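Each of the next two complexes has chain A plus one more chain, namely chain B in the first and chain C in the second.
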Partner chain A sequence: MIYIFYLLFFGFLLTAVIGLLASWIDRKVTARVQYRVGPPLLQPLIDIIKLLGKETLVPTGASKTAFLLAPVIGFGSVVVVSTLLWINNINLGQGFMGDIIVALYLLTIPAISVIMGGFASANPFASLGASREMKLVLGYELPFVLAILVPVIKNGYAIKLTDILSFQAQNGVTVANLSGVLALIVALMCTQAKLALVPFDIPEAETEIGGGSIIEYSGAGLAVYRLTKNMLLFTLPFFLMILFMGGLRTDGIHLLNGILKYVGLVALITVIRNTNPRVRIDQAMRFFWGPMTVLAVAAIILAYKGL
Partner chain B sequence: MFSGNLFRLDNLSIFIGIFVGIFSLLVILYSLGFMRGRKGLFRYYFYIIATFIASLGVVFSNNLVLFVVFWGFLGLLLYLLIGFGQRRNTHYTAKKTFIIVGGTDALMLFGLALIWHLSGSLEINKISIALDSKAANWAYLCLAAAAFAKAGAMPFHTWVPDTAEDAPTPVTAYLPASLDKLLGIYFLARISLDMFQMNLTMNTLLLVVGSVTVIAAVMMALIQHDMKRLLGYHAVSQVGYMVLGIGTGNPIGIAGGVFHMLNHAIYKSCLFLSGGAVEKRTGTTELEKLGGFAKIMPVTFITFLIASFAISGVPPFNGFASKWMVYQGIIETAKAGGSLWVVWLVAAMFGSALTLASFMKLVHTIFLGQPSIMVRDAKYKRQETGPTMWIPTVTLATLCVIFGVFAYQVPLKVFIFPSLDVKAPFTGIWSSGLATGLLLLAIAVGFIIYLIGTAVKTRTTGAFVGGEVLDRHPDMRVSGVEFYETIRNVGILKTIYRLAERRFFDIYDVSAKITFVFTGIFRFLHNGVLSTYLAWCLLGMTILFYILFK
Partner chain C sequence: MSFKLKALLKSPWVFHLSTGSCNNCDIEILDCLTPRFDIERFGMLLAPSIKHADVLLITGSCNRKSATRLKRLYEQAPKPILVVAIGECSLSRGMFIHSYNCPLPLDKIIPVDVYIPGCPPKPEAIIAGVVKLIGKVKSKTKK
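Moving on, here comes the complex of A and B:
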């Protein structure tokens, strides 16, 4: 029963609230970069409520069940992975062996749901967008796995999130090492692609394929996609914080520290997305399989050298 | 030589035997629908049942000579069964398969001779050889080659994609996809766990073979444009995980490898059988000509989708449970020192992403996406295949879910752990049931959001393609066959793909070329001209006399 509470309260509610707030930070910073005022605090929530009230359209020729089911499955997996991360962060010792691998796998399901939704819409633009999303997943998965292995190596081959957290609590955070810094840079780039933000918004590419895989979504389906994406804006940086920065501690001054770390990561992601143009899919794949993989391998070698 | 027990029943062989029976039953049921109306059906069912009996013989025999006899029969039956295919290349493929499998059988005989020399016994339960001499190493390698060829691991894999393409679908689902995996990995487990005492070098060799198999085969699968051939490459790629699992040499890895073998047999035969249902309906397996079958054959779509997710290792299906154990095993090896585990782990995990990619392509081109012109013109009605064809696929898809969600309660506890003598050693493990419950709960939350919104009553409109009308432009369609052309053109991959398509890495073609060089020399000598032969005789006699009377 305690898991249900964790899921509903931490996994869903808290993650959604923080995600919406983060989305507001993102939009506000973007606006400031562009010399605009930016939206009020509640705007992301209002957007989702508005979308829930709009009509849900299904294109002809689409496979309706798959079309409507896809967003919900992506949403569900984000809720579960957030629950997993929260449980580990709050209750040290609650995790299970190899939960990092489970988290990694669950974090790819949102991408799968976008792909399945795009495929199910029977629209050529959606098919193109979804195929690009798939290629993007292939691109970033290789350096992301390598980058995630650096904290594993640094923390004594721990493959449990709680082990990594407690190890960092005693011996200092992963990112304090050179290898940790390199791995965090790689992981941050991959996060950018996982969130499909500029310069890696190739699957959606509004100006080119009109939203790509989500072109046919409207109303409730689009609302769930938006909410999922906002929640990922919390979950993914949170995952990196646990692995590289010692997680989020809730006692006293550490809470402020944790919030600062999180806001810093979100601001960094926002700045990257505002200062870069969109790349082509082959460029993105070359970028991830080339420089990023080399950097991640270098980080692993450094980690073995004890740096 | 034939003293002692000829047959032996232990937990491992009983477990494999049970599943050999289950797969035989399902394939016979499926064939009743799929093969209807073809010629030589009596022979076909005779061969299938003979294969079943020979497989049981392989699994239960304790004497290695008996084992080889059954094993050889299986190769012959595979050759005969492939012959039922109706493609242009079927004969060539059957011959190639027979030569690869038969050739490694010869290696296996050589290995048996070495074992006899080393231990003086041919009973599986009495052999325990330390890998400390050259002969022992060669014996292990010879037997491993036979296991690799049967299971389809590199470099003896090339018969699997060809067979998948050219043999009848039930045969492919029966032999390369399920039975050959069960038997090949069964044999690999037997030699690695019982008959030889593995050392670090040999385990590393297994890990190398496993990693290369995973990555190389799945990279080839990405660019295929024939459904069955694509699935065939995955039948190779997945063997890599089983070899990796056994190569880790620790209990969780080995259990993971054997569990993956079982899971693979389930989801891969489900994929072949579901694909076969589409093939039966359309008469083609070319991806370019398919599309939009999710609305025409919904049950087949669902079974195919579940099996696709299972093979891609999406939690909570069964593929994830076993892959997760293999990963655990690989990370365990890190504690023994060395840094190569990173390579094995990344190969395994990245291979999983590539598998997902190629199955997304399949799901799109066959079931989702827009129908091809051929499918549009045929105006298929929404109609499922006959019950003899959907009962096997639904059964297998259900097994995929059950073995994933209740991984520890059902397959591991009942079959895997007892057969490997592992005593439920893992505490704090991935509890699939709990995770599935949570996932379902989270999805329910999503549905509540839907209910708050407007997803209950939807309206159908035309797809938005920038103002064009899709119905008037049937050619305005993304088939999905070319999805991964980008990857083909990235850097060095371009060269590798080109070489692979020229069959540069095909052990059969390479050795055929080498053989032709030698036969070329002999052909030059045997040209059928009498005077040449006389000249050779004269030359030989001169040399002979010179040696004798010098």
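Moving on, here comes the complex of A and C:
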């Protein structure tokens, strides 16, 4: 019973509220960077409510089941992974062996749902977006997994999130070491690509292929995709916070510290997004398989040597 | 007023379609998104696809080729959708009224909610027109 409460309250409600707020921060900072005023605080929520009230259209020739199921699969995996992270963060000792690997797998499923929806919608632009997303997943998963290995090595070879958190509480955070800093840089770049934000928004390039794989979605399907993306804007930085910065502690002054860490990460992601042009897919692959992988391997060697 | 419609009026995403205009009206529409006018304050975004849009902005004088496509686009849009005609050409076909290529005015092809005159209309006029559209929808649902 308590797990259903965790799923509904922490996994869905709290993550959605923080994700929508983070998406507002993202839009407002973007507007201020461009000397605009920006949208009001409730705008991301109003967008979702409006989309839920619109008509849902299924294009002719589309695979109906896959088309309607794809957004739900991505949404479900984000809810499950954020529940896992919240449980580990709040009740130390509730995790299970190897939950970091489960989290890694579940964080890939939103990208797979985008690919599935794109190929199911029978639109050339959507297929193009889906194939680009597939290449991008191949690109960023390698350095991301390598970067995640660094906190595992630094925190006494633990593959359990609670062990990593308690080790950091006693021996200082991972990012305080040189290897931790290098790994965090790599993981942030991969986060940018996982969120499909500007230097790596190749799959849904709005000015180029008109939204990519979500071009045919309307109404509730689009609302679920947007909500998934907003929730990922909370879940991914939260995952990095747990691995590299000692998580989010809820007692006293530590809560403020945690909020500052989170807002700082979101602001960093937004600033990267606003100061870069979109790269081509081959440039993105070269970037991830070249400098980022080298940096991640160097971080692993440094961590192994104890730096 | 229903909750759904209230949310729609607070975040109308626009999609602009040129049915053979000289592009001046399109440039003025895009000017509304610039820092000087910034319609994202009111929750308006430029939608990349008609499937995401709530407001259809139409410019140009519906010629024989684009009229069929315009009708198809209107049928593809998820309802409820609001239609705004921008510029002299889409209001009355402008200087092309006697042309062999412009058989019908826009409002004989699809229902139009608001007309914004001008050649091209200023961004202020476009924003004023959208405000009138919101007022019209509000007063229509009150009755």
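Here is the rule we use: the second predicted complex is superposed on the first by the 307 of 307 C-alpha atoms of A that agree within 3 Å, B and C clash if a C-alpha of one lies under 4 Å from a C-alpha of the other, contacts with A are read in each partner's own complex, and residues count from 1 in each chain.
As a convention for this text, contacts are C-beta pairs under 8 Å (C-beta built on N, C-alpha and C of every residue); 3 or more make two chains touch, one makes a residue touch a chain.
Since the model is a prediction, treat every value here as computed from it, not as a measurement.
Applying the stated contact rule after C-alpha superposition, one finds that A:Thr56 touches each of chain B and chain C.
When the shared chain is aligned, no partner comes close enough to touch A:Val279: not chain B, not chain C. Of the two partner chains, chain B and chain C are each touched by A:Gly219. In the superposition on chain A, A:Gly210 contacts both chain B and chain C.
Touch criterion not met for A:Leu268: it reaches neither chain B nor chain C. In the superposition on chain A, no contact is made by A:Val17 with either chain B or chain C.
By the touch criterion defined above, A:Phe75 reaches chain B but does not reach chain C.
By the document's definition of touching, of the two partners only chain B reaches A:Lys64; chain C does not. Comparing chain B with chain C, more residues of chain A are touched by B. Of the two partner chains placed by superposition, only chain C is touched by A:Arg36; chain B is not. Residues common to the contacts of chain A with chain B and with chain C across the two structures: 53-57, 210, 215-216, 219.
Within the complex, the chain A residues that touch chain C are 27, 31, 34-40, 43, 46-47, 49-50, 53-57, 206-207, 210-211, 215-219, 222. Put simply, chain A touches chain B in their complex at residues 3-4, 7-8, 11-12, 51-64, 66, 68, 71-73, 75-77, 79-80, 83, 95-99, 101-102, 104-106, 108-109, 112, 115-116, 119-125, 127-128, 130-131, 134-135, 137-138, 141-142, 145-146, 149, 152-153, 157, 159-160, 210, 215-216, 219-221, 223-224, 227, 281-282, 285-286, 289-290, 300, 304. The residues of chain C lying in touch with chain A in their complex are 3-5, 7-8, 10-11, 35, 38, 40-41, 43, 48-49, 51-52, 54, 76, 78-80.
Within the complex formed with chain A, the chain B residues making contact are 292, 294-295, 301, 313-315, 320, 324, 327-328, 331, 334-335, 339, 342, 345-346, 349-350, 353-354, 356-357, 360-361, 363-364, 367-371, 426-431, 434-435, 438-443, 445-447, 449-450, 452-455, 457-466, 470, 476-478, 480, 483-484, 486-487, 489-491.
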